[in-house]
Amino acid sequence: MEDIEHIPKEIQLVDDSGRRLDGRALDELRPIRIEAGVLKRADGSAYIEWGDNRVLAAVYGPREAHPRHLQDPARALVQCRYNMAPFSVSDRKRPGPDRRSVEISKVAGEAFAAVVFTEQFPRTSVDIFIEVLQADAGTRCAGITAASVALADAGVPMRDLVASCASGKIAGQVALDLNKEEDNFGDADCPMAVVPRTGEIVLLQMDGHLMEDEFDRAMKLSMNAAMKIYEMQKEALRRRYVVTDAEALLEERGVDT
Amino acid sequence: MSSEVVSELMREHIVKLIASGKRADGREPEEVRKLTIEKNYIKTAEGSARARLGNTDVLVGVKISTGEPYPDTPNSGVLTTSAELIPMASPTFESGPPRPEAIELARVVDRGIRETKTVDMAKLCIVPGEKVWILFIDIHVLDYDGNLFDASSYGTLSALSCAKLPAKLTGGEDQPLPLDHWPVSVTAAKIRRSIVFDPGLDEERIADARLTVTTDENGDIRAMQKGLSGSFSYDEVRYVISTARRLGNGIREIIRA
Amino acid sequence: MEDIEHIPKEIQLVDDSGRRLDGRALDELRPIRIEAGVLKRADGSAYIEWGDNRVLAAVYGPREAHPRHLQDPARALVQCRYNMAPFSVSDRKRPGPDRRSVEISKVAGEAFAAVVFTEQFPRTSVDIFIEVLQADAGTRCAGITAASVALADAGVPMRDLVASCASGKIAGQVALDLNKEEDNFGDADCPMAVVPRTGEIVLLQMDGHLMEDEFDRAMKLSMNAAMKIYEMQKEALRRRYVVTDAEALLEERGVDT
Amino acid sequence: MSSEVVSELMREHIVKLIASGKRADGREPEEVRKLTIEKNYIKTAEGSARARLGNTDVLVGVKISTGEPYPDTPNSGVLTTSAELIPMASPTFESGPPRPEAIELARVVDRGIRETKTVDMAKLCIVPGEKVWILFIDIHVLDYDGNLFDASSYGTLSALSCAKLPAKLTGGEDQPLPLDHWPVSVTAAKIRRSIVFDPGLDEERIADARLTVTTDENGDIRAMQKGLSGSFSYDEVRYVISTARRLGNGIREIIRA
Amino acid sequence: MEDIEHIPKEIQLVDDSGRRLDGRALDELRPIRIEAGVLKRADGSAYIEWGDNRVLAAVYGPREAHPRHLQDPARALVQCRYNMAPFSVSDRKRPGPDRRSVEISKVAGEAFAAVVFTEQFPRTSVDIFIEVLQADAGTRCAGITAASVALADAGVPMRDLVASCASGKIAGQVALDLNKEEDNFGDADCPMAVVPRTGEIVLLQMDGHLMEDEFDRAMKLSMNAAMKIYEMQKEALRRRYVVTDAEALLEERGVDT
Amino acid sequence: MSSEVVSELMREHIVKLIASGKRADGREPEEVRKLTIEKNYIKTAEGSARARLGNTDVLVGVKISTGEPYPDTPNSGVLTTSAELIPMASPTFESGPPRPEAIELARVVDRGIRETKTVDMAKLCIVPGEKVWILFIDIHVLDYDGNLFDASSYGTLSALSCAKLPAKLTGGEDQPLPLDHWPVSVTAAKIRRSIVFDPGLDEERIADARLTVTTDENGDIRAMQKGLSGSFSYDEVRYVISTARRLGNGIREIIRA
């Protein structure tokens, strides 16, 4: 409350040379780093740093769904819980799900249900947990991107990974991957998630104000970015397996890893 | 919804019909059901409307009072949207705290109003930082026969359009609520490879994916929400957007009437 | 809060000629209109306008009671949920049951259990939903009266309908069917519900201050009124069946109703 | 209550006894159990009483503090009544938020105090609109052997009758709470065609209907509540009222002692 | 809030002759009175007055544990619920468990699980309820001491009773059994519970500041006190059985007890 | 925890190993796992640390704001500690309100900070009775491999040691939090007759009793908590205390580094 007066009335989000406040071009992603297999207890896990976002994802399952009356005799349930740590935002968030988290959990879970071979595991649930440790806009995309790697790390059979990214509009221009300041003072935000191999859109949300051609440009930016993110996801999984293989090799030879 | 069984035969029947461009109730794929709006339905509310979309029946009330603004928006009114899927409306709705379905519904309707700047929130400031108008939008679903997103959105816009800022709280005359836009949502359901608009209950139950697109009186996109565990191709998204814009125009006329 | 000062200290609820503020005589009901079969999804339904009260009632069942451990192997459960829409009162009511609603739900459910042939449907529940859309005192009586019609509309076997009405004391005089102003500034209120054919009292509550002869007079007023209400209930059901029959007839002949 | 099985034989035995004008514990139909009141039982409460009605044992505490009045009653103190059916008192009571039984109990006791104007709420105003006395009545049921309504009502009236407005909050001397009336409730249970007063646990379990009548020191009726899924004829109601008045006189003497 | 200013900055908790504010020596217990078998419905019960603490304990079981999925096929669950009545403390406590009560319930339940022969009653639960009616520091020790007697009164097979007491540090000196003032202004508090026959420690908590030799002295004081309390527990049970026997005898002879 | 089955063989194996002074992971009985602390892990928190104790992984954030003091401590800052056992961290953790395990964890960590006067709360007063510093400590358990008490305690102390009072709320420079003590907890598990320190998950699951002892930089005892349904002899308690003091010194160095 005390620093309200410091909020500038107008922020020049894009300078005359087309650079954004953090120096990025309009079609430039923030730096992304993904690591697979970071937790011991979970069946699969991944950690992502995406700009100033820090997000952990973990997967348990397929495991027996309970309570029992939720079990689907024809397929696995894919359940997602998106959660923000109380200290992940500037004003402490009360623990437990708020309405925003409930909605994101729902649409993210539906996105993953589109790629998991659920028919192979009737009566089970695949439980996906996304924990936002530090937030800077774009946490749902970061979380979905990480959770997708965690699903692969858990060995859950899927048609493909899911890659997620947002584009929006700032200072009247379409831009990729808004950070917090841009999200607060921008005109529109449009997160999406895609199955990279087929281009199928499994998550799509938008609010703000976009003309049709702006929407087209935003989607193109997001699609291109998703392909880059897909490569990072696969790279993270490759590193994970290489490490694991090397460890297995050393262990076999009695070397303490 | 999953708890209610639609027989496999029924499912196959609908799928087959839709694949051949027909629908169980005789509508065309791009045909929405009859919309009836009764404004000022409730005396105890400052604005209200009963919206019937086919047999889907939604009552929306707007209660208006005065109070303190949020500390981070001292010059804006406050808007809160809730939806109750009361057990009267469907055998699949249960009492208790709102489930993810109700929360998603309320949030999508809310974004369709808030992010589109339908209500000019700055004009709802009475004394900056101290006293503003507070709007509670309550969506009360009475009879559920599919496509709650659109029925609720139409009911909400209608209720806002006839709402009055009550003079008894500030002196002077009752004032109409300042509405700047007329955003209208249109929802499509994808069933196998076909897309139908304004899905009825039986269609909704077997749909693979859902896409809601909100457009304004200029044809601009104001909000989108994809749901369910299927996917859309980019071309399908574009098709839904342009159809939503066209259908939206007809619906807007009914609401403004 | 702001209009506290406008509350008159003394209201003359009855004028010298025995007329009430709304022009009624002491033994006069407010106008009542009942319509049966107003919802599509519910097994039975009814709508009532009773003065400025607007109340919907719906019935589901007999259907399997769940959770299972609630099932009674000897009879059907009769469960009632009385709920006020947030916009049904002058100050917005938070969604969800408050203590008053819980109590009314309990005594109304008990009243209906007295007439439903519960032994015919062991392990099931008959679920009655009363939704107050607009409130002006007497909502429980209006709701019970409507729910009784909804039970009949649902085809639930009953010994008889239940008719409900209140009497009270205003300005020192016993009066039938208090409206909101009379309830707020009156001396006593006594809602009851009765099985018209037998005169059995299945709901009775009272608070305020009544001498024994005043109570007798109040009960007599309510009993007489209940008989009139009973006729309106039956009339609403007759209209419902006539309409249904006519529709069935037309449908048979291929006419679109 | 339904979860606890009373054997069919026991039920028949009690019914047969009652039909012949006798009761399992030897009482006459119109005979209430022994009432013992211990006032000022709890030091930490401003008023308290332990009421034992036979083996039913209820502890009522009145906590008194100061605070703001409700905006619509700026010249009145505030009174809140809660009842906890703690699991210590019966194998059928469970922990958790109050169930309908507890809510009904608290509300009936509350109406018996509030609507009868037992406590002159206007005298509990300290500074109009700013500071008033706030009374919390907490009914703590310790041992449940039937007829909680009456035991709780007696405990509450007793606790109020010895409560002190604490001087430490306002200066001066502790003041007794201003009591204007002595309303006493008496509860009847109808078992088949017979009516007994102050039902014990076994009687309550098999009762068809229950009627609680609260009368004051002038014999006037102050509150009534019918419960359970049976019914009363009008003559039965009148019989219960006149008996309640007579029995109430004896009980009032014990409480005022 | 009003009497904050009256809180003395420094209280001399121990005078020069080693006496405490209530006149006790440092190694002196407050007066304790225990009564067994005080409730009718519970399988076992006890009441304790310990200084100004008044606590009731009741035991139900071993009885079928529910919900079923909690049942342990190898042993009985020992579940404890510690609860403070709203009027038991100077500022009214809201009904329902707070975090402190949840923790005390947990550690108290674990303490009792150490003595109950749980293997004899698989799939059951032994439910212990501790109700603090009036609190003056040391309620958990008083509650555990009473509950132990209630367990014996219920006939639950145990290795031994559990006796509980606290010691702490006030005015720099180790002292037994702190009262509320000493607890508020003291330096450390260390409640423990012990199996008297074996000296096993089944509950131990500490907060504050104790040097190792101070801890030793505190434990010695508590151990000695626990032995005294153990004698009082056994004495209470003896009185209970004597009374019961006497009553049984009189009843046999047809004397009304 | 009980829901997760450790095979009987595993149990016997561990018990046998421990009885012979060995542990499944090769540690000595008095050997703690490797502790790694990353301070300032989270930008959005005023203080934070990730503590890894073997594979147990805990992230603690400290959020600092200003607000009103509690009325009974007008000259003190406010400290609140919460712990979330998020389902990401273990298959046995579930979403929902905190269970007794999480509440006990938060309260034991909280006492270890509060009662030891680690943070000088008097220095957190800005304007007496009006404005003080408010600290929220949130313990976010990421990966659960045993001994959450110690890992959480180390994470909390580390997060506090690097926390800054944010100047933006009061003007001036960011100030480090004033820490007066460095209390370190050490937890022992008793398995049959043996005692091991810093129990891993498999040890914790089969442990009979648990004892956590917090000592400060002077070797004084600051907090203790016994848990689980077994017991300790007095000699065992003394042994745990002295070992905790010795092990605590090494851990304190890592945290202060």
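List of remarks:
Think of it as A, B, C, D, E and F in the order they're written, each chain with its own count starting at 1.
Here is the rule we use: contacts are C-beta pairs under 8 Å (C-beta built on N, C-alpha and C of every residue); 3 or more make two chains touch, one makes a residue touch a chain.
Predicted, not measured: the structure shown is a model, and the values here were computed from it.
Among the remaining chains, those touching subunit C and also subunit E are D. Here the chain-to-chain distance from subunit B to subunit E, counted in touching steps, is 3.
Comparing the CA-atom centres of all chains against that of subunit E, the greatest distance is found for B.
Comparing contact pairs by residue number, the interface of D-E is reproduced by A-F among A-B, C-D or A-F, since over half of the pairs coincide.
Most remote chain with respect to subunit C, judged by CA-atom centres, is F. Mean C-alpha positions place subunit B and subunit F at a centre distance of 48 Å.
Rounded to a whole number, the gap between the C-alpha centres of subunit C and subunit F is 58 angstrom.
Remark: subunit B and subunit C have CA centroids separated by 31 Å (rounded to whole angstrom). Averaged C-alpha coordinates put the centre of subunit E at 27 Å from the centre of subunit F.
For subunit D, the set of residues that touch two or more other chains is empty.
Shown here, the protein chains touch around one cycle, each chain meeting exactly two partners. Each chain touches its neighbours in a single ring, whose members, counted from subunit E through subunit F onward, are E, F, A, B, C, D.
Against subunit F, the residues of subunit A that register as touching in their complex are 2-3, 39-42, 52, 54, 56, 58, 60, 63, 81, 83, 85-92, 95-97, 127, 129, 131, 133-135.
On subunit F, the positions that touch subunit A within their shared complex are 41-45, 48, 55, 57, 59, 61-63, 65-66, 82, 84, 86-91, 95, 97-98, 136, 138, 140, 142-145, 168-169. Those residues of subunit E lying in contact with subunit F across their complex are 1, 4, 7, 72, 78, 99-100, 102-103, 105-107, 110-111, 113-114, 190, 195, 199-212, 215-216, 219, 223. The touching residues of subunit B, counted against subunit A in their complex, run 2, 71-72, 74, 100-101, 103-104, 106-107, 111, 115-116, 211, 219-234, 237-238, 241-242.
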